[in-house]
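Labels A, B, C and D are assigned to the chains in the order they are written; within every chain, residues are numbered from 1.
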Amino acid sequence: MNKVVKNPALALAGITDGMTLMVGGFGLCGIPENSIAQLVQMGVKNLTCISNNAGVDDFGLGLLLQGKQVKKMISSYVGENDEFERQMLSGELEVDLIPQGSLAERCRAGGAGIPAFFTPAGYGTEVAEGKEVRMFNGKPHILESALTADYAIVKAWKGDTEGNLIYKATARNFNPMMAMAGKITIAEVEELVPAGTLDPNQIHTPGIFVQRIFKGEKFEKRIEQRTVRPKN
Amino acid sequence: MNKVVKNPALALAGITDGMTLMVGGFGLCGIPENSIAQLVQMGVKNLTCISNNAGVDDFGLGLLLQGKQVKKMISSYVGENDEFERQMLSGELEVDLIPQGSLAERCRAGGAGIPAFFTPAGYGTEVAEGKEVRMFNGKPHILESALTADYAIVKAWKGDTEGNLIYKATARNFNPMMAMAGKITIAEVEELVPAGTLDPNQIHTPGIFVQRIFKGEKFEKRIEQRTVRPKN
Amino acid sequence: MALDKNGIAKRIAQELQDGWYVNLGIGIPTLVANYIPEGIEVEFQSENGVLGMGPFPFDGEEDPDLINAGKQTITTRDGASFFDSATSFAMIRGQHVQLTVLGAMEVSQNGDIANWKIPGKMVKGMGGAMDLVASAENIIVAMMHSNKAGESKILKACTLPLTGVGCVKKVVTELAVMEIKEGKFYLLERAPGVSVDEIIAKTEGDLVVPDIVPEMNLN
Amino acid sequence: MALDKNGIAKRIAQELQDGWYVNLGIGIPTLVANYIPEGIEVEFQSENGVLGMGPFPFDGEEDPDLINAGKQTITTRDGASFFDSATSFAMIRGQHVQLTVLGAMEVSQNGDIANWKIPGKMVKGMGGAMDLVASAENIIVAMMHSNKAGESKILKACTLPLTGVGCVKKVVTELAVMEIKEGKFYLLERAPGVSVDEIIAKTEGDLVVPDIVPEMNLN
């Protein structure tokens, strides 16, 4: 079941104006860089992007914001992106801010066929407005619904020809749940190996969740907050 | 944060009559054999056991049934155990049969602080009796609640002193979710290694979910349905 | 002549499409894996936590840690993966599995299925069947047309406790291939040498019979 | 004298108990990791998917794939593990993390906290804060007693959009340690050299002051 495509253009074929995309990553960590560059090149507009962050002004999803390709962002934290904040405060950009854990769980729910679940997060805040509240174990919870996307675009460390994926360190973050929740899921990987190479015990995302896979040409992997201690 | 205990007796200390236990495994695959033997020896009674299966008559949880130690079983499939069926049909044993996917998800929910979720499984059947029904995407779903346990007892292949676990093949099954859902989680492992030995990318159950860990003395690993093809 | 279990499996295997992920239930469905048509590739999922099942192991090479949902020892193919039960049912509930094949005690003309319990007599539990039938878009039931007493199991309404409601799309028995739609069974094919009259006689549910009912082609 | 940020972190570190899993928010809370009392062992969780965080990397050894929730490059200790965001918040929501330390713009006497939004001015998003405060049994807020304009941030009621309701149990500022219970702030300790009068003056919320308010011991 070979799912390999040659390049980002073939991988992202079918994405058109107005679609909903999930994009993996946390800040600039574990983002599908090559696919984002391709989205910029394709010039698709009016996208709804579900992604924990919005990148920085000149990298990650920030590039789509710069090009005014995004109609709506669904995120938990956008603090590192001035252009985002500007577009949001001016009303150019629709923004749905969601608690990070609810965002992760809503993506997983979307992939797992769970249409809704109760969580305590956000009770008593703006996030709960219009949502059903119910007590469990003496504590109020709100009902949150599943999220899905026309396309999910994720970044993995290693992948095989069947679409099995392994992530590295904290570059895993939202990628596995988003891979589950895309109607079509596209994976870009640093290393692409034949099926049978990866240990079946150690697959993070089973290939069933991935429809297309390609080897990214180049990964810049920018660091947002370089923090170090001096070598003695 | 050393969580190692020397033997099953120390690992299971604190389990008393009337408690609710989760026990990992699927059939006889991936079951905590040494802990079950210890429960038999302890003679604790009136247990509520949450486990996908009930073992066979003379192995796995079947041993607890034989000793009449179990008041109630919460399972999805009990087909391979005659004593179970006898006790259930005679009314000696309370049984709550749950769709396997709902059982798995309810354990995960218990561990993840999700008190309830909607699923389509069981709608229109006995399982849905008394449960809230709601339509999502034009399809009826029922509300299922989280499961937790006083103690969860799981079996892993490798574990480290911090309680990180790695499972082998399909012996993983319910163990990871049950590890999440126990107020106290006990892991028995085939191989116990120092912290730092296992690759942090490849941990199936992070140590935060495990309170006590011990190396099982002996694993019989009975096969329920030995199916083979002849060597040519 | 009525098909045997392998014949039923062989006919169902013709429904497989290239690139599909497939879940096979215990019993006849398991046999489907032996008849994958040439030129297509499918992956088998088992709900206890494996994708990419291969054939049974060679004698002496069984691994007790590697079984399918029927608790049978199995092997894996290149590209296989293991996962926990919650993830496994995420695949099923989330409709990532394209075809589910399972057995049944009864099927009704509105697509209800009963296959887990005979009150007071047999209670094995539903296992993963309720999740599978509630979620799968494409369910084929593999079953015998009648029970041992000769009573039809292809019914107007199920008499046993249900596993799922309005979910079965297709039924393959030793006698016939039937589609379920608009509250009726539609006879699509008959087993080689089996008469339409025999199928009508053994079907309690409403059966729509076209003028020409082709024989299954099992070659 | 009022504490600096490190002083606040040092005082909070005294609350750590052996064997705890701890989540530290961005800002002052991050500094708590530098002051773990001798003889106790704690593990730090970061909600982007790591357990067992170590110190910052040596210059030149940063790994862009290894960051904390503040997007800072980090290292891991022996026994660390990585996991996805859903599992990470399963740990948090499921109350497997024993202590959460986070910053705040405002805290009220019934335990409400606001730390994610200033309408029309600043909208960074709540990140994981709403999940953390809604779930943690044990939340300590690390914050300054007043804002830059000199107005108290220890209030009868929050004026900014809330992050969570009735969840904060303890507040440590540059001036004081306060417990929140029964709808009031209880003054437990004052910073070395800081007068009770100054704390009273800078606290807008109802403050219960005992006869003797010990100084923090930061040695």
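Here, a residue touches a chain if its C-beta (ideal position, glycine included) is under 8 Å from a C-beta of that chain, and two chains touch if they have at least 3 such contacts.
Computed from a predicted model, the values in this text were never measured in an experiment.
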Chain A to chain B, fewest steps along touching chains: 1
Chain whose average C-alpha position is farthest from chain C's own: D
CA centroid of chain B to CA centroid of chain D, Å: 36
Chain centre separation in whole Å, for chain D relative to chain A (CA means): 28
Sequence positions of chain A contacting 2 or more other chains: 105, 108, 112-114, 119-120, 167-169, 200-201
Contacts with 2+ other chains: residues of chain C: 50, 82-83, 86, 89, 92-93, 135
Chain contact topology (line, ring, star, complete or other): other
All chain pairs that touch each other: A-B, A-C, A-D, B-C, B-D
Complex contacts: residues of chain A adjacent to chain D: 26-30, 52, 75-80, 85, 88-89, 95, 97, 99-105, 107-108, 119-127, 157, 167-177, 204, 221-231
Touching residues on chain B, where the partner in the complex is chain A: 105, 109, 112-120, 134, 136-137, 141, 145, 166-169, 200-202
List of chain C residues in touch with chain B within their complex: 46-50, 55-74, 82-86, 88-89, 92-93, 112, 117, 120, 122-131, 134-135, 161-166
In the complex with chain C, residue positions of chain A that touch it: 1, 108, 110-114, 160-162, 164, 180, 194-196, 200-201, 203, 206-209
Chain B-touching residues of chain D, taken from the complex the two chains share: 19, 21, 41-43, 45, 50-52, 76-83, 86-87, 89-97, 135
